[in-house]
Structures are given as C-alpha cells and as structure tokens.
Amino acid sequence: MAKYLLWRVAQAVVVVFVVTIVVFFLLHQLPGGPARGILGIQATAEQIQAFEHEQGLDQPLPVQYFHFLGRLLSGDLGESYQLNQRVGDLIAARLPRTLVLTVLSTLVSLVIAVPLGIWQAVRRNRPTDYVLSVLALLMYSTPVFLVGFILLIVFALNWGIFPVEAPQAETLGGIFADSKALILPVLTGATTTVAIFSRYLRSSVVDNLDEDYVRTARAKGASEARILRRHVLKNSLTSVVAMLGYYLPVLFGGALVIEKLFNFPGMGLLFWNAAQTSDFPILLGVVLMISVATVVGSLLADVAQALIDPRTRRVRT
Amino acid sequence: MDVVLEFDAVSVGFGQARATDKVSFAVRKGEVVAVVGESGSGKSVTAMSALGLLPRNAWSEGGIRLADNEILDLDNRRMRALRGNEIAMIFQEPMTALSPVHTIGWQLDEAVKLHQNLSKEKRTARVKELLTLVGLDRPEARMKQYPHELSGGMRQRVMIAMAISCDPKVIIADEPTTALDVTVQAEILDLLRELRDRLGTAIVLITHSMGVVADLADRVVVMYEGRLVEQGDVDDVLLRPSHEYTRRLLKAVPRLGSGTRQAKDTEPVLRVRDLVVSFGGHRAVDEVTFQIGKGEVLGLVGESGSGKTTVGRCAVGLQKPTAGRIELFGNDIAKMSARVLKPVRARIGMIFQDPASSLDPRMTVAECVAEPLVLHKAHNRTDRVSELLDAVELGNALRDRYPHELSGGQRQRVSIARALALNPDLLIADEPTSALDVSVQASILELFLDLQERFEFSCLFISHDLAVVDMLANRVAVMHKGRVVEQGSRADVFGAPQEDYTQKLLSAAPVPDPAEQRERRVSRG
Amino acid sequence: MSGPTARRLNRFLRNKLAIVGFVLLVLLLAFCFLGPLFYHTEQVLTSLGEGRLKPGAAGHPLGTDDLGYDLLGRLMLAGQTSLVIGLAAGVLATFIGTLWGAVAGYTGGWVEAVMMRVVDAGIAIPALFLLVVAAAISTPSVPMLILVIGFVSWLVPARLMRAESVALRSRAYVEAMRLMGGGNIRAIGRHIIPNAIGTVIVNATFQIADAVLLVAYVSFLGLGIPPPAANWGGMLSDGLTYAHDGAWWLILPPGLLIVMTVCAFNFIGDGLRDAFDVKFGGR
Amino acid sequence: EPTTQSTSSGTVTFALPPNATPNWILPLGIPGHLATYNSSIYELLYVPLYSFNGTSGTVAMDPKSSAGNPPQYSPDGKSVTVTLKDLTWSSGQKLTTRDVEFWYNLVKANKSKWGGYAKGRLPDDLTSFTAKDDKTFTFTLDKAYSPDWFTANQLYNVRPLPQAAWDKTAADGPIGDHDRTEAGAQQVFDFLVAQAKDLPSYQTNPLWKTVDGPFSVQEYTTGGQVTLAKNPKYTGADTAKLDKVSFKPFTSADAEFNVLQTGGIDYGYLASANLNQRSSLEQKGYAVQPWKGWAITYIPYNFNNPQAGPVFKQLYVRQAIQHAVDQNSIVKNIWRDMAVAGYGPVPQDPSSPFISDAQKTNPYPFDIAKGKELLESHGWTTGSDGVATCTAPDKCGPGIAAGTPLRLTLLAESGSKETDNMMAELKSSLSKIGVALDLKQAPLDTVLGNSKACTPNQPECSWQLSFFGTQGSWYFPAYPSGERIFGTGATSNLGSYTDPKADELIAASTSTADSASMKAYSEYLTQQLPVIWLPNPVYQISAIKKNVTVGIQDPLASMQPQRWATS
C-alpha cells in the first residue's frame, strides 16, 4: 500500500508539473497579454511597459516559468496583479466558503440521489420510475442559475423564509453560525447533481438486482430493503465513486453561478475574475490547487474502489 | 410421517416454453429425497420454486406446501420469515451466488443475524463454528476473505454453512458436493445426515452422483425432460429401476477400477518445476512439480482447496507464481512477453471450474462458442458451432440463449464446447463434468476420448470424480495441502496407492449401491 | 423473432418511455429542421420597433425578443444549433472517453498510469479556462464548438469507464477470452464495454444534455457563435435576464425544449440499456 | 415594509459594483490599483488639492472638497500658485505646503512606479516646487498650458500627504526629511507602498489613521467590506452629515438586486433589464435614477489594418456607416433610455460649454438610403449576396482595388445582453447599406488586448473594428479633451486615427486658454468620424432609499458621501 501511494504521489507531481506548464503556455497565448486588462484602456505605454517589467512578463517564457517554479518551491504562489493580496491568502480566504458550499451540496445531493436511484431501479420501468426520472432530469437540465433564481424568488423574496445572501462571514465558524443562509445556496448546488448520481446508481442497481448473489440473500430471508442497502448498494457504487472522485476538483474549483447569485465570493469567482482580467498569478495558483485536488480525487476514488470491490485489488500478471 | 414439503403438480416455464411439467412429490420430516435426472430437466427450477426464487422471467403453477403454508400464495414478508429459517437452499454455482464485495464472514453473519437474535460475539462464534463444521481450516482467517479468494469447494462449503446456519426444517441442496473431493464430500454428507438425525431436517438433494444418492438418500425422484418419470425407495430405484431413462442413467455411472489407459513417454508439453504460489503468506501451492507429455492426460485429484485450480491457472499464465518455473511447449512463460504468449495461449483450451462466471453474460451461447473461432478467423463458423453444440448434446434451440437462461450443466457444456473449438494442443479442464448427469457425462467423456485419440492433445484433468479420472488419465497426481503427495501412472496410483491420503481418498469414494455404500461408510469410520 | 438482434429490439420496444423518447426526438428534429420550411420568419435582420412583443401578438404566436426576432422561428433556428452540437459533441465525448477509459482500465500498469494521468491533467485545467483561450485564438463555428466541447467533456466518461473496466478485467470470462488468444481490442470491444453498457449509456445521455447546456455557457463567455445565431441555452439565459419581470415566455419555451431534449435522449438511453440488458424481460 | 435600522442611525450602505473590492488605501496609486472604487474611498480620507465633480449639475471644480483655493496662473501660463485651505490632519498638525512638497518629491523620484505617470505629464510638466510660506506654493511649468486643462487634468492629481506622519523609511523609523533626497524619497515611497500592500492591516495600521478628510477608516476587510466613520477632527467646510458610510461588495448585479429588493442596501443599482421593476422598487421605498457618466462610447476604426484601413480612411465610408447607426432606437429599445445618443468626442450629457452645436444636432442622422447612396455614388455596387464591392476603383478611393468587398470584422466585448443586442442591431442595419459585419465576441480584457494601436505590417494589426464600451468606452477627467484618444500616436488612440487638423485643435484645447478651442475640436471630430459614435450608457442605474438624499450623482463617478443625509 505504502509503495502504491508513493508511486501515485510521484505521478501526481508529474501531473501537477504538466498542468502548470500547459496552463502557463496557454496563458501566454492570450493575445495582448495581461497588462491591458489590468491597467485598463487608459493605461499609457509607459505604464504597460513598467508593469510588464515589474511582473517579469518581458522575459522569455521558460525563464518566467522557472521563476514561478522557484517561488512555488518556497511555498509562494505570488501576488495578484490587481487584488493587492497574495494568491495564497486569497485562496485561503475563499476556500472555506467554497468547501462548505460544495461539500454540503454534494452531501445533500447524495442523500437524495442514493435512495432515489435505488428506488427507481426497483420500480424500473413503472410509472413511478418514469415520473422520478423526468423530475431528476428536469432538475438536471435546468441551469443552476434558474434553479437558484426560483428558490430565491420563492423562499427569500416572496416568503422571506431564508435570507437572500449566503453567509457573509469569512471564517468557517462564522459561516456555520449563519447556517440558515446556507440552505438556499446548498439546495441550489444539490439539485443539478441529484440526477447524475441517481441515474448512474439506478443503472448499476438494475444490473446487480439480477445477480445470483441477490437470490442468495433472498434465500437467507433478507428483506428487500436490506438486500438493497447492504448487498446491492455496495456492489453498485463503482460509477458513483468514480464520479465522486471527479467532484473533488470541482469542489475546489468552486461553483461560480451560485457564488454570483448568492453574493458568496469563493474559488469559482476568484478564478472567473482572474480569467477575465488575465490575473496570471491567481489563475496559476488556482489551477495548481485544482490539479492537486484532481490527483488526490482520482487517487481517493481508486482507493475507495479497491476497498469496495476486492477483486480490483489484485496485482496483474 | 408428516409431510413438510410437498410439490403438487408444479410446472415452471419461461415464456411459452415449459421447463417442467406437473412435477409432484413430497418430502417428510427427517427424510432425504434425492432428485436425479438429466441435465436441464428442471431440477434446479423446481427446487427454486419452493422458495419463490425463480428467475424474473419464469412463471410457475401448481401447489407447493411448506408445512402448512401454500408457498405460491404467501406475501413477501411471510415468505421472508420462512426463507433461511424454515427452508434453506444451497445453490448450484457458489461463485456467482456469493456477493463478491462482502467477506464470507459478513455473509454468514448476516444469515445468522436475520433469524436469530444473538449478540455480535455470539454470532461470530457461531460463524466460526459453522465454518469448522463444513471443514474449512483457519476459520478466523477465512472469515475475512472474499469469495474470489476461496477455492471452488470452499465456496461451496460456505454456501452449505449458510444454509444450515439456522437449523432449517427443510434444506434444498442443489448439487452441494460437486466441487468437493470425496473425503470432504463424505464429511459433508455426514454433516447433513447428522442434521437430519438430530433435528429431523428434511433434505431435498439434487445430485448427479449416484454414489451420493446411495449414501444419503431415503427416496429418489428421477426427472427427465421436465417430467418426473420415476420415484421410489432408494434401493428400489437404484437397484431395480423401472423407467427406461433411469436404467440408462445407472448404466452410465462410471466405476472406479475400470480404467485402462497406460502412462506414455512422450516429449513434455507442459512442465511445472517447484511451483510455489502464496497468497498473503499462506502457501496455497507448495513446490509442485509435474509434467504432461504430448497426448497424455494427467489427472489431478486431491483435497478441496489443495491448490489444483491455482496450479492450472499458473500453467497458462493467469496466475503469477511466487516461485518456480513453468514451461509451455518448451518455453518458459515467465520470460514470454504478452505478444509471444498470445499465440502460445491459442494452443491451449481451458474449461473453468465455474462455468457461470467464465461465460460473458451478454453473449449468447452461439456467440460464446464461436468466440475462439472468431479470434482465429476460422471459416464456416456457424457450421462449426452447430457441430460443437451437437457434440456436447446441446440442441440448436439453445443457440440464442444467454448463459443465465441455461441450467448449470448446460452452461458447463457450453464451456466445454468453447474449449474444444480450436482443437487445442493442451487442455486444462478444471472439473469439466461436475455439473453433468452421468449419462451426458458419459457421452462427453466418449467425445473427449475420441478427440484425444484423434488429435493427441495433452490434458491436465482436474477432477474430484475418481472414477472419471480413472477412465481418462494416463497418469495421476494427488494433491494435499498444496503439495503433490503422490504421482505416477494411473494404474499405480489407483491400484497401489502409497500415501495415506490417497488411500483415504480412494476409500471415501462412494459407490452407487446403497447397501455397499452403507458398508463402506461403516468400515471407514 | 429469435436471434440476439431481434430480442434486443423487442426489449427496447418494451420500454414504453423509450418509444416516447424516440417519438419526442423525431418531433424535435422535425420542429427544428422542417419547421422553418413551413413557418417563415426573419431571423437575420432586426426590427427594434417590433421588439419585446408578448405572446399572441399579430404574426408572432410566441412574441418577439428585444431585437424583434420572432420567438417561435428563433426556437427552431436555435434548436438546430443546440441539437447538432449536443448530439455531435456528446457522441464524440462518449466515444473517446469510453474507449480511453476502457483501454486504460483494461491494460493496467504503465499504460493506465499514463492514460489516467492525462485525464487527471485534463480535469485539472478548468474547462472555463480552455474555453477562454480557445475563444481568443479562433473564431467560433459549429464544428469548432463540437470539437471544443467534445474535448472538455470526454474526461469524465474516461474516468467512469476506467473504473468499470478495472472491475471487469478480472472477470473469468475476460480471462477465458485472453486464454483463447484474444487481443485487447476484442476484450474491450466485446466484453468490457458491453458489460459496462449501462454506465456508457447513462453517460452518453448526460453528455448530450451537458453539451446543449455548455453551448449556452460558452456563448455567455463570448465563445459562442456570434449573433444572429442562436441556441436554446443562450435563449434561456437571455430570457432569465427578464425573469424578475415574469417574462415566462422568454424562459419557458427554450427551457421546455431543453428539458424535452434531455428527457428524450435519456429515455432512449434507458431503452437502449434495456435492449442490451440480457437478463431483462422475457424472450 | 422592510426598513433598515442603518438609515435611522445616520448610516448609509452603498452597494459596490460587481466584483469591485476596494484594496488600496495609499493616495498614490500604483499600476493595477487605480480603480475608481479605490480612489473614491481614499479621496474621502485624504483631501485632494483640487476636486472636480458634477454635483453642481455641470462638471466643474468643487472648492468645498478641495484642499487648495482656486489656482492662480501667471499671465504667461508657465507657473501656477496655490494657497491651501485651513485643514488639519487628525494627528493635530496643520495641512501645510510641506505636505504638497512631500507629494511632489515622492512622485518626482518614483514617477515610473507611480500609476498616474505618462511621459510629458505629471510630474514632468512641473519643473519646480517653491513654497512661499506654510500655505502658499508655486509650481513652475515646463511650458504654457490651458489653465482649465491643467487644473482639471494635472493639478487634479496632486494630493497633499501627511508628511509629518509618513516621511519615514520603516514602520518604527524616525520621521525626517527623507523625501528631500532622491534616494530618500524612493525609500519612503517603497515603504509606503509596502505598507499599502498589507491589506489586512488597513484597519489597524497607525499610518492610515492620519487623515484630513471628512471620514476615517472604521472597517476595511480583505473581502472588500469598507466602513468609513465621520472624522470628528475634520476642520474643513465639507463636514460629513452621516455618521457612517458602509461600502458593501457584491459578486454580481443579480446578487445586489436581490438584496436591494429586501431593502438591505440604501444606495444600490439595477440592470436595465430590471427596469420594469421600477414601480415595485419605488413601493419598497427606493427612488430609481440614472447616474450619468462623463464619457463617450464608440467603435474605433483600425486605420492601419492592411485590408480595411484604406476603406476606413474614406470619410464617405465612415459617413455611410454612421448613417446606418440607429442611435435613437438603440437607446430606446436596447438601453431602455438608460443611455444617451452620442455624436461626437465630447460627453453629450450633462451638457457642457465644451460641446459644439454640430455635435448636439448630429450631422449624420440614421438614414439607410443616404448611407447606401453615399456608397453607390463612390463606386460601390451591392451584389446578390447583399455585400457591396468596389466596382469603380477610381471613385472608391486610393488603395481600394476593384472587387474589394465591404466585409468587416468586429471584435466585441461579451457578457452583456445590451451589447450583444446592440452588435446584432448594428450588423443588421449595416447589412442594409451593403456592409457585411462579421461579429466575434470575447471578454473585455481580450478585446482590449487585441485592439492595440499598431502599424500595418505588425501581426497584431489584424483587427478592424472593436467594441469595449458596455460601460462607456472612455471616461474623461473633468476637462474632456481628446489628446489621449484622438491625438496622433497617443496610446489610447487605438485605431491610429491621424489628422493634422485634429491634432492642432487638440493642442489648442490643452495649451491655450481659449475655451472655444474645445468647441472647434468637438465640431471637427463630429464631422470627421474618427470612430463610429454610439450611445453612451449611463454609469449605473441607481436605486436610492427615499429617506437618503445624495444630491446629483457625479458624472466623474466619484462619491461625496459627506454630503449625503438621511431623514
């Protein structure tokens, strides 16, 4: 196990390197460079030049990359061109919000989707299955923006049950203290993913229900509910676990639309604004973090799969 | 005596097709009824209908009474209370019947938990006790293992342990000992007998082994083409069969000591030297050495879990040995790259111990059999497939079925047909006839001998049926606890066994004569 | 009435919703591609004077948008873009992703490590960023969007498929096939993918839905095909601007069409799934 | 009816524009930190020498919020003398000429690091500083300038700084005359910038406690939440009426609008799409009023583009194109009247002495037939595909070959519904005169990055037309002269427009005291069409609680919260 982990960590380092190189290269493909975006149309030629010099943008690309790496090795992600903060601080300030939001909505989504998927598989091709499918798909194909919008109008503006804004505190404690304000954003985040998890689960449960071991469990006298919960679910988790592994980077990437709608500045917004203004240090910092999360996510998914399905553990010839 | 389970004109069908037609028989308390008959005659589906566990696409009619309950009328909840507790079933193919992602300890524990209100420790103790009862070594370690880490026979014993866990009133055992060597089989039969004697458990025993019937059954029911053709006392049926099919069946029973083949001295096709395989420190195969010459059949017999399947898998490179050297057609397979290995493998046929899992569930019978032909771009595939299916006595009607729509024996024959499709130079046959009734087995063996004589292929024949090995093998190797304890020509090993274990094995093989078998049993222990 | 294909068709047809989905898809295609032949509208030249008419206005059953384009006609035009891109990008992503993941999972070892790390790297670079870069260096068109969307969406199916593939590669029937001298291609094509078909199909249907929605996102980012081209997702997000006004006629029709498309594909997907599910239903 | 407790206690909550998080407090901007929401805030803490705004109805100097009395230019226009008002730093020291000198020394020694620098402008155009006494000083200029221009565009940037508190090189270093040597000035500048880069300390750093403005910092978070409290030690004439003003950041206009609807902010904004909600907002106690901007909006022609340049150089082509722009309809239907049609280089609204009659009346009204006619009479023929091609090169103009089609590409800013619609409308109406427009959209930043002033042989000169004016293309300082956008060779003259007469008029407007020069400039460029003139959208559509009085909203986009009042 330790050896395997070490091997994966080595791969991870390579991935992160490659990703930063690719992003670095792509960034510099953007026409015009960042100076214009940062300094605005009013900027004079001198200012642009001074800016490019100060940020080292006038140096050859590889040199710039090595500077970036050098700083990275000393734990420095650099400083935003525009926000007057260090990228590390910016991420540290945004991340708790994003994590709270996405972790909670993924959990809520799973809590809904898992029973839903199983239930639909059991009632396969019956009216209930059809209706639930349509509902899940309705939620899926409605853009997050619209879902959030409807929730806001109904629950916050018309009925006034929940606040219109997500918690404005910057610390985890503060965010949870205002948990009522979290409900709408979390629900918004959860709706679209319900369909994803539930439909994959439905599909694998349908397959597994026809397996012989289910017959054995029935012969033991296990109730259908127990069979689903204890036997079939575990056997059906492959795709859901793979999806969850994919969600880790999404988690770190933030949920732009929700952040925008509920005035909840998080990673998504940070990245989006940086992309709009070519704030390279932020872009690189966030991408770096997401790539670490991706590799960790895929590692966790692989480990989880091996834990769930012992047959995948075997070493191949 | 009181009837605990009664089948009253039970028919089971799939769509328009009828698998069984008005089968009626009854089982009384403390009685062992053996159901024998043709492979595919509907034994398994009849048995499953008693628990209400038919496949989804099946229908059934008639009456099934379990004690005072009309099974077909029961609702789910009441049915559940009966299953496992009052009536338990040992399924035919233990690999697929166990959940692959749960440990066997968990699965057994659940069986206990569902019907008995015991504390966790007590349950664990019970599980251990059950595993010991069915003869599994190191129960503690076994509890933590997953089904795929067990040998075929061990899985089967787990199924048995599961069935007896709640001391049910009725046990339906569908081929419970096919994967067990005769010594373990004898123990299991003793266990069942003891259960019957102690608790008055009624047992429906579906089996192909007339020896087992003779050993355990009180009454025998014979099925043929979906109908019940004969039933009666075990002595009557086995010694004085009235139906023509029963007679044919009994005539086909192979007998130990009828073998004629001699050892050959040809250049080796497969050489295994000092093979060691360990799984997590446990040596499953321990310094095994043997070779098989061209045109030679090596019978590999031995204890369940002694490593026979593992040896077979190593021989073809499916399992990486921990140590040792394996030469196929003169080449060391450890040194062969995948590219070199591929054509070599094409000269090998393999019949897996567990046919259900070795057939792709999404391929029809014809597609399964045709697969090797497709891979090697053979011509006239359709004809060849028909020919092969005919040879293993599977009618054309089954061509388009999927594996799950077949009986256990039918699946096994598909697997045989597939292995023979390319006329291999080396055949690894892992319990190839365990699920076949003796009459079909006889014709398959005949086919085998015929082909073997014609194409001179070599074969590693793993089997528990000593009579079959006696009939086919040129040489025999006996495995016990991972070691080959004895090997030599068939005549030597079976005629004058040197080792204790071999002697025990030979004496434990049941014979299809109830009286004789009773005597043998008494003399044994 | 025997033969695997006939039985497959039979199973497909037994799923009533699959037929509904199929009919729905045909109707949608007819609406978008044949509709304009019967219902002529001006979709190039604007007429600001006729902007923002409510449904039922003379000659405009669904009203008009800000620029005076007839909404019904626009839905047809938009549908062409959405359906073509959705279908093509969805199929492309599923195809590449499935193959990639299956090969990686089946092969294992070094190959798998490299292939899956490529996927990780792809996932790690936010799609948003790639879209912005793509927009900056080329001019959007339907084929380009198909490529770009296909390129950012094949990663998830690759991941999913690899997970399935790893689980399936140790099955005895795959081993059996390898023993017969079967190559990797056959193992993947004939055993691994068919036995993971449920996941593949669910994913494909999601991919199509995703692509339809991504087109909207992409036009919001400025990577979209420039006006007067339109797509349902774009119409929907445009309409949302007026949501506070209760302008349901700007939101509901494109929204419904998207939902119908997503449902249609999903239902067909379910039907296909059933068709490949050999244990399902009778003979 | 929702009310907030804030208004009753004399606090006003102001909604910042989406993603505008204040992050710079030092009144010496450095590149990247020059956003208006930063200067709007620090101007309330550090009184500028001269403040210009439009709160009086016209854009003009606002003596009340300026630290200096009106400047006195010498007759030759080559020096300017200023007398400071009686202001006091919160540390107790008086505002003196030393504080102005401190600013001058810092800027002079660090001009390349200073964000406001442009070659030839501040501080290059100030050759020396002489203090007559504590209150009066003189700047000597490098040459004569138009006084109006110089005050509004140059002196406007001068900000007296608290020398007695800031003239040090380390946090615990001694106060001294470090700024008087070049090296010392550089050290002080670097020290101040380093302190300003420590955003989390803004709330606590004693450096920022020394202020002379009507407000002082109470809260300044890294997330952009800023609260200013009335400065009790303020001694000027512009005392704050409010106790507190709070600036609240938002992630999007939608989020802001939601909060607005619950009454959570006193002074917010809405998108034009939400104008239909006006009456509902009014019921909730808001007054909705446009906040006009001192800006113009346009699409530059790239005169140096190898293909389209020669075509653009033809005035008749530009005239034809301008005739095809239906500004009134665009204003009415696309901007919902929240924009003002623009016909020339001077902001059209609020009206000013700078605007010419020609610009007011629009010489090129919307007229498709006229536009088509202009092209046809110059040798262009519309083909079957609706695109005009040059069929008589002698009439088309120099450099235009026969067969040249009038097919142009326009790179437009994305992300705004109004802009998308405006571009679609433009494409549609231009097609009617035979001009095919290929639209491409990109984020504002990309558009700006792409639209550089260039020479024909440079690869980046491939752009032809570009639009970046969703929120106005160009915001002017108080004096709306065009030297930076239409002067030959100016950096922000993106399309490389060049016209000797225009240059002459621009020079006149900046260097002579002749106020008619601006009018002449306005008239000439209105006729010459250096760009496509488009409607200029308002700075924002404000929604202000009815119990809050804010006066006229400043077209220069700064705020005077000291004059806001609650009732």
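Letters A, B, C and D mark the chains in the order given here, with residues in each chain numbered from 1 onward.
As a convention for this text, a contact is a pair of C-beta atoms (placed from the backbone, for glycine too) under 8 Å apart; a residue touches a chain by one contact, two chains touch by 3 or more.
The chain lineup, named per UniProt: A, C = Peptide/nickel transport system permease protein; B = Peptide/nickel transport system ATP-binding protein.
Quick caveat: nothing in here was measured; it's all calculated off a predicted structure.
Asker: What chain lies closest to the overall centre, CA atoms only?
Answerer: That would be chain A.
Asker: Count the C-beta contact pairs for B-C and for A-D, then tell me which is higher.
Answerer: Spelling it out, more C-beta pairs touch across A-D than across the other pair.
Asker: Would you mind pulling out the distance in Å between where the CA atoms of chain B average out and where those of chain C do?
Answerer: Each chain reduced to its C-alpha mean, chain B and chain C end up 48 Å apart.
Asker: If you average the CA atoms of chain B and of chain D, how many Å lie between those two points?
Answerer: Computed value for the inter-centroid distance: 87 Å.
Asker: Calculate how many whole Å lie between the centre of chain A and the centre of chain D, each centre taken as the average of the chain's C-alpha atoms.
Answerer: One centre to the other, that is 38 Å.
Asker: So how far apart, in whole Å, are chain A and chain C when each is placed at the average of its C-alpha atoms?
Answerer: That pair's centroid distance is 21 Å.
Asker: Which parts of chain D, given as residue numbers and ranges, touch two or more other chains?
Answerer: Each of 443, 446 in chain D touches at least two other chains.
Asker: Touching two or more other chains, which residues of chain C qualify?
Answerer: Where chain C meets two or more other chains at a single residue, that happens at 132, 136, 244, 279.
Asker: Out of chain A, which residues touch more than one other chain, so two or more?
Answerer: Answer for chain A, listing residues that touch two or more other chains: 30-31, 149, 210, 275, 309, 311.
Asker: Of all possible chain pairs, which ones touch?
Answerer: A-B, A-C, A-D, B-C, C-D
Asker: Could you list, by residue number, the parts of chain C that touch chain D in their complex?
Answerer: Spelled out, the residues of chain C in touch with chain D are 44-46, 48-49, 51-52, 66-67, 132, 135-136, 139-140, 220-224, 226-228, 238, 241-242, 244-245.
Asker: Help me check something: in the complex, which residues belonging to chain C touch chain B?
Answerer: Touching chain B from chain C are residues 2-4, 7, 171-173, 175-183, 186, 190-191, 194-195, 197, 276, 278-279, 281-283.
Asker: Over in the complex, which chain C residues touch chain A? Could you list them?
Answerer: Result: residues 14-17, 108-109, 113, 116-117, 119-121, 123-126, 128-130, 132-133, 136-137, 156, 159-160, 162-164, 166-167, 169-170, 198-199, 201-203, 205-206, 209, 212-213, 216, 233, 236-237, 240, 243-244, 251, 255, 258-259, 261-263, 266-267, 270, 273-274, 277, 279-280 of chain C touch chain A.
Asker: Report the residues of chain A in contact with chain C in the complex, numbered from low to high.
Answerer: That would be residues 11, 14-16, 18-19, 22-23, 26, 29-31, 125, 130, 133-134, 137-138, 140-143, 145-146, 149, 153, 195-196, 199-200, 202-204, 206-207, 210, 238-239, 241-243, 245-246, 249, 253, 256, 271-272, 275, 283, 286-287, 290-291, 293-295, 298, 301, 305, 309, 311-312, 314, 316 of chain A.
Asker: If we count contacts the way the header does, which residues on chain D are in touch with chain C in the complex?
Answerer: Listed in rising order, the residues are 257, 271, 273-274, 276-277, 326, 329-330, 332-334, 412-415, 417, 420-421, 423-425, 427-429, 431-432, 438-443, 446.
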